[in-house]
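Here's a structure for you.
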Amino acid sequence: MKSSFNLDRRIIYAFVVIALAWPLINKYTVRPARMKSAEKLFEVVESTKPTPGQFAFVAFDFGPSTAAENAGQARVVVEHLMRRRIPVVLFTQYLLADPFLKSIPEKIISNLETEMPGQKWIYGKDWVNLGYRPGAGILIQSISKSKNLAETFLVDAYSTPLKDLPLFRRPTQLKNISLLTQFTGLVGLFDSYVQFFQTADYRPNFGHGCTSITIPEAYIYLDSGQLQGLLEGIAGAAWYSKLLSDKYPVRKPDEAILINTGLGIAHLLLIGLIILGNISGIISRRNS
Amino acid sequence: MMLSITWIPIVALIAILLGTLLVTMLPRFFAGRNYKQILIAGITFLAGLYYFLDFVLPPKLPEMLGGYEFSKYHREISQGVITVGSMAFALGLFNLLYVHGSKIIFWKKGAINSIALLSSLFLMMVFTSNEWLAFEEVNDKAERIRTLAEFSRKIESDVNNNIATEKTPDERMVLLKEHAVIFVGETQLRLSEAKEDLPRIIRDGINNQSKEINKILNANFKFRSLGLLTPKLMKLAGDRQQLEDYFYKKSSTKKLYDYLYEGLFVPLGSAMFALLGFYIISAGYRAFRVRSVESGLMMIAAVVVMLGQIPFYIYISDALPDIRLWLLEIPSAAAFRAIKFGAAIAGLYMAIRMWLSIESSSFVETKKPGGGAK
Amino acid sequence: MIAVDLSIATTITAGVATLAIFSFLIKENPFYRLFEHIFIGIAAGLGIIQGLRYFLWPQILRPMLGYDILTFPDGTVSKPYDGAVLLYLIPMIFGLLYYFIYSQRHAWLAKLVIGFSLGASAGLAFKGFFAEMLPQLASSFKPLIVLENDQIVWWSSISNCIFIFTLLAVMYYFFFSIKADSAVEKKFSSSGRWLMMVCFGSFFGSTVMARLALLVERLQFLLVDWFNTLVSVV
Amino acid sequence: MGVEHATPGMLIVMFVLVLPLFLFIKQARGGRDLFVRRIAGIDAINQAVGRAAEMGRSVSFSTGLTSVSPVLYAVLGVLSHVTRKCAIYRNKLLLPQNAPDVMAISESVMKDAYRIEGRSSDFDPANIIYLSDEQFAYASGYMGMVHRENVASAFLFGYFAAESLILAEAGQQVGALQVAASVSPEQVPFFITACDYTLIGEELYAASAYLTREPVQMGSLLAQDRAKIVIFILIIVGVAISTAKAYWPEINWFDINAWIREPWDFNLVGIEG
């Protein structure tokens, strides 16, 4: 309780705000750390060929409380899929994720369309939003048995019948899903995909984005081969973003790298404070 | 008949367990207690007994013991138990009214905040109830059409199963037709109030369904038509629900509720949660001072894990992320588990003591417990 | 009916509320105090109605009042009223005994229902104990030597050994009745405590990221969404 | 993986685990002297109440998000003790509450404690403050309360989640002496960094026994150690078997886990058909 040298906590709070906000305001970035698990996911997306009738199933199962980590991951992966012209089908089992299903892809598309004038990403053909469904757990279980996903899901988030959308005009099944990616901080929702997203003879490649707290759980699945790639918190998203920028040099650095920089600086702040506290402790003990 | 060898000793064990319990506990149970205390302890025991037996007994007793399923009404009983607890909900409300109401009445310090509290409580109750009622109303309108579809199905099944009804099937058909015409007209009228931004699918759905229902009703409407009518009515009910939902989302009820919920409740919660970002840094700074082996180890582990999760680790060692993961997966997981094992056993023991009311400091007793608390 | 667009007001209010909470970091102040009280009021109002809406009404009251029965145009009903639902009146009335807590003379009646709740939770603890313990116990049975193609995998083997040692040492630390007299016992017990501290340290470290990420999300909201909305209004 | 009904294996394990409880309670009632090692955090409970009395400031006792459960019962033992101390020293004891039913139970315990000390008239129901059943609304109310009341000692006993650090920091900021006890190990690191004393896991259950030295509780505490020895041995045997299995996979080893999970088998062994 008593210590000779104690910074006022308000000064520490001010440092925290500066450390986190400064990169956001000044667009200051540092090179993110290399993440092998993120590289694996990048390779999986790179090796997925855009084939007519095939698409990627992307689940956003995060709310505002983990959006700082999960939304960054979702952004880079969806962007990568769109750049590679792999149709993206978005879905969530989590009510609070619903707004992201619209805002994230629309932002990415407007960025891509300004970057590449003339190119278009059309709703229904290049991406579809299935929205949130109550009782989605049962829906997930029925995907593997479905003969036609358009009949399983019936309508998209805007109540348009799926069979009216170009992507679902022909019957689609689980084997039309070339890649499954899911982003969440909720372990239970992740488990349901691991368990049910497969048939006897086919399992799509599975990429997962977890929060920093659930990394140990996620690694169990990566080690067992049930996951083909993993984004570990915002750091994973940042390295993925860097890989994207290497591949597409015209691309502007995105928020993932900015946030990652801020979080890194704040960590260093704490480590620095700990060192400072210990040194001053040693000095004061010697003096007394 | 013989019993499977494995479970004879087990039945005996349960009997011994319960027997010892009862024999050793009974005299204590009544000793020195008045009727009120015995009643309280008795009810405590009975409430626990159901869940205890539900767990201990097999899902279905063997046929020779009657094949009884003890847990047959588990859902209903559990719901009853939850109901008991849920009746306490107003205690919280009473407390808030008491504490803050008296502050306002006697105009004590903080009375203005108490007014803010009670008025936001009141407002939120009003708007949440409104939201609930509006939601029920939306459902209700669709429900009426759905009921009609059920009616159509029932007429069909009653005739097929030769069930006699008060009204003849023909009379029922007339009623069905009357109501169907009314509901279709009502829905059409409602549709005409909708603006351009109503999703096409809802508008088209209602128009198609109405057209087809009218066709079925106006053409030679007889018993055989029911099979066609039922699904159309069901679909119309679904579309009607979406239409009402569209109006509801535009209503000021919904918007004011959303304002309170998304403008205050959610951000206040997120902001409180985010305070942890500040506090974890200041707590770390204050606490991680090397004073002993323990605090040193804790500090080192924390620093290593932190270094392993930020981009700057490359300046120190490439192995840091792996060390971080190892620390979390091996020693941390093991220590957590050990703590949980101990706590689980202590919790079980506590549960038994509380179930049987066997400690004199339990809240059943009202006299000073023995032994000296210094 | 006034149909106003409240989305801008919602964003602005959300930002003000966030700042009110953050202002506590400087010191406890009237601005914070006001929003603290508003928060408690809103949460209580929401909680009470939602408790009714999602439990008491659909599960108990609706069936009891027979509102789940459809009445057809000819006056027949979809299913007969099940009188057994009236049995729910017993827990409802019994639950009302909670309110005797305010009575001076009959406070013991409240203890009946309190005893009932405690007893029920005690009975549930048996199932809870096994549901929680078994999977954890089973996954603790790790082999001390991991073999792959008849080769010892050193890293996994050592990790498993450390895992089991930590598990046992920490459990040993919590033995209350053993006088750890011998040097070995003392070492074992204190190594349990040390390993526990390593565990707490690592958990603290890994939580820092999640908590800071929450804060970044709020700062982003303030700096981008809120600020932009504010500018657009002004 | 869910456990719904006991299997024969679970019944046997349960029997072995529970048996010591009754044996030791009998022994303790018989007046046997029972040794329990010192637990620093529990000693601090009395110290904390005393400090508040000296300073003439109030004490707060939070049960966090604890619901009606065995954990609550364990906390009530401590609450009763603290309340009685406060009644003797005439300290103001604040009880911020999270759930209405828990509030009723705590209120009943507090009233009894005041009556036991013959100070019923000092009991003020306005000190039992219902804050909110919403996690962070509760935290915000607690934070404000601790600052405005300027508490001298704060007890955080029971089940806590992410809000633990908010509660502990609030007390730290006003310089309160804080004793925390959390059954969930996840929150222990935050209590350690912000509180003066932290009880870990089952130490919370031990607290009441340690404070009152009441024979049933003491006996139960010692019996717990015996039950833990059973788990201890079970782990050692399980590890030994799986190690042996890794070495000699061809041998059909006894599988403890499968044995425990083996459900009832009522298929009658039909000797007579």
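A, B, C and D are the chain letters, set down in written order, and residue numbers restart from 1 in every chain.
We adopt the following convention: a residue touches a chain if its C-beta (ideal position, glycine included) is under 8 Å from a C-beta of that chain, and two chains touch if they have at least 3 such contacts.
Because the structure is predicted, anything quoted here is derived from the model rather than measured.
Student: So which chain ends up closest to the centre of the protein, judged by Cα positions averaged per chain?
Tutor: Per-chain C-alpha centroids compared to the overall one single out C.
Student: Looking at contacts between chains, which pair has the highest count of C-beta pairs?
Tutor: More C-beta pairs are in contact between B-C than between any other chains.
Student: Please tell me the distance, in whole Å, between the geometric centres of chain B and chain D computed from their C-alpha atoms.
Tutor: 25
Student: Just give me the whole-number Å value for how far the CA centre of chain A lies from that of chain D.
Tutor: 39
Student: Nearest whole angstrom, what separates the Cα centre of chain B from the Cα centre of chain C?
Tutor: Each chain's C-alpha centroid was found; their separation is 12 Å.
Student: Centroid of chain A to centroid of chain B, CA atoms only: how many Å?
Tutor: Spacing between the chain centres: roughly 29 Å.
Student: Which chain B residues reach two or more other chains?
Tutor: 54-56, 85, 88-92, 96, 110, 266, 268-270, 272-273, 275-278, 280-282, 284, 286, 288, 298-299, 303, 306, 309, 328-329, 333, 335-336, 339-342, 345, 347-348, 351-352, 354, 363
Student: List, in ascending order, every residue of chain A touching at least 2 other chains.
Tutor: 9, 13, 16, 20, 64-65, 212, 215, 233, 263, 266-267, 270
Student: Which residues of chain C are in contact with two or more other chains?
Tutor: 21, 24-25, 33, 35-36, 39-40, 42-44, 46-47, 98, 101, 111, 114, 117-118, 121-122, 125-127, 130, 137, 140, 164, 167-168, 171, 174, 196, 199-201, 203-204, 206-209, 212, 214-217
Student: Which residues of chain D touch chain B in the complex?
Tutor: Contact set of chain D toward chain B: 4-6, 8, 11-12, 15, 17-18, 21-22, 25-26, 46, 68, 70-71, 73-74, 76-77, 80-81, 84, 97, 99-101, 103-105, 108-109, 112, 115-116, 125-126, 128-130, 133-137, 139-140, 148, 162-163, 165-166, 168-169, 172, 183, 185-186, 188-190, 192-194, 200-202, 204-206, 208, 211-217, 220, 223-224, 227-228, 231, 263-272.
Student: Chain A touches which residues of chain B in the complex?
Tutor: Going by the criterion above, the answer is residues 199-202, 242, 266, 270, 273, 277-278, 281-282, 284-286, 288-290, 299, 303, 306-307, 309-314, 321, 325, 328-329, 333.
Student: State the interface residues of chain A toward chain C in the complex, per the touch definition above.
Tutor: Residue positions touching the partner: 10, 13, 16-17, 20-21, 24-25, 64-69, 211-213, 215, 233-234, 255, 259, 262-263, 266-267, 270.
Student: Within the complex, which stretch of chain D touches chain C?
Tutor: Contacts found on chain D: 1-4, 6, 10, 14, 34-37, 39, 67-70, 72-73, 100-101, 104-105, 107-108, 111, 131-134, 136-137, 140-141, 143-144, 147-148, 185-186, 188-190, 192-193, 200-203, 206, 221-222, 224-225, 228, 231-232, 234-236, 238-239, 241-243, 245-247, 256-257, 260-261.
Student: Quick one: which bits of chain C touch chain B in the complex? Just the residue numbers, please.
Tutor: For chain C paired with chain B, touching residues are 1-6, 9-11, 13-15, 17-18, 20-22, 24-25, 33-53, 55-56, 59-60, 70-76, 78, 87-88, 90-92, 94-96, 98-99, 101-102, 108, 111-130, 132-133, 136-137, 140, 159, 162-164, 166-171, 174, 192-209, 211-212, 214-218, 221.
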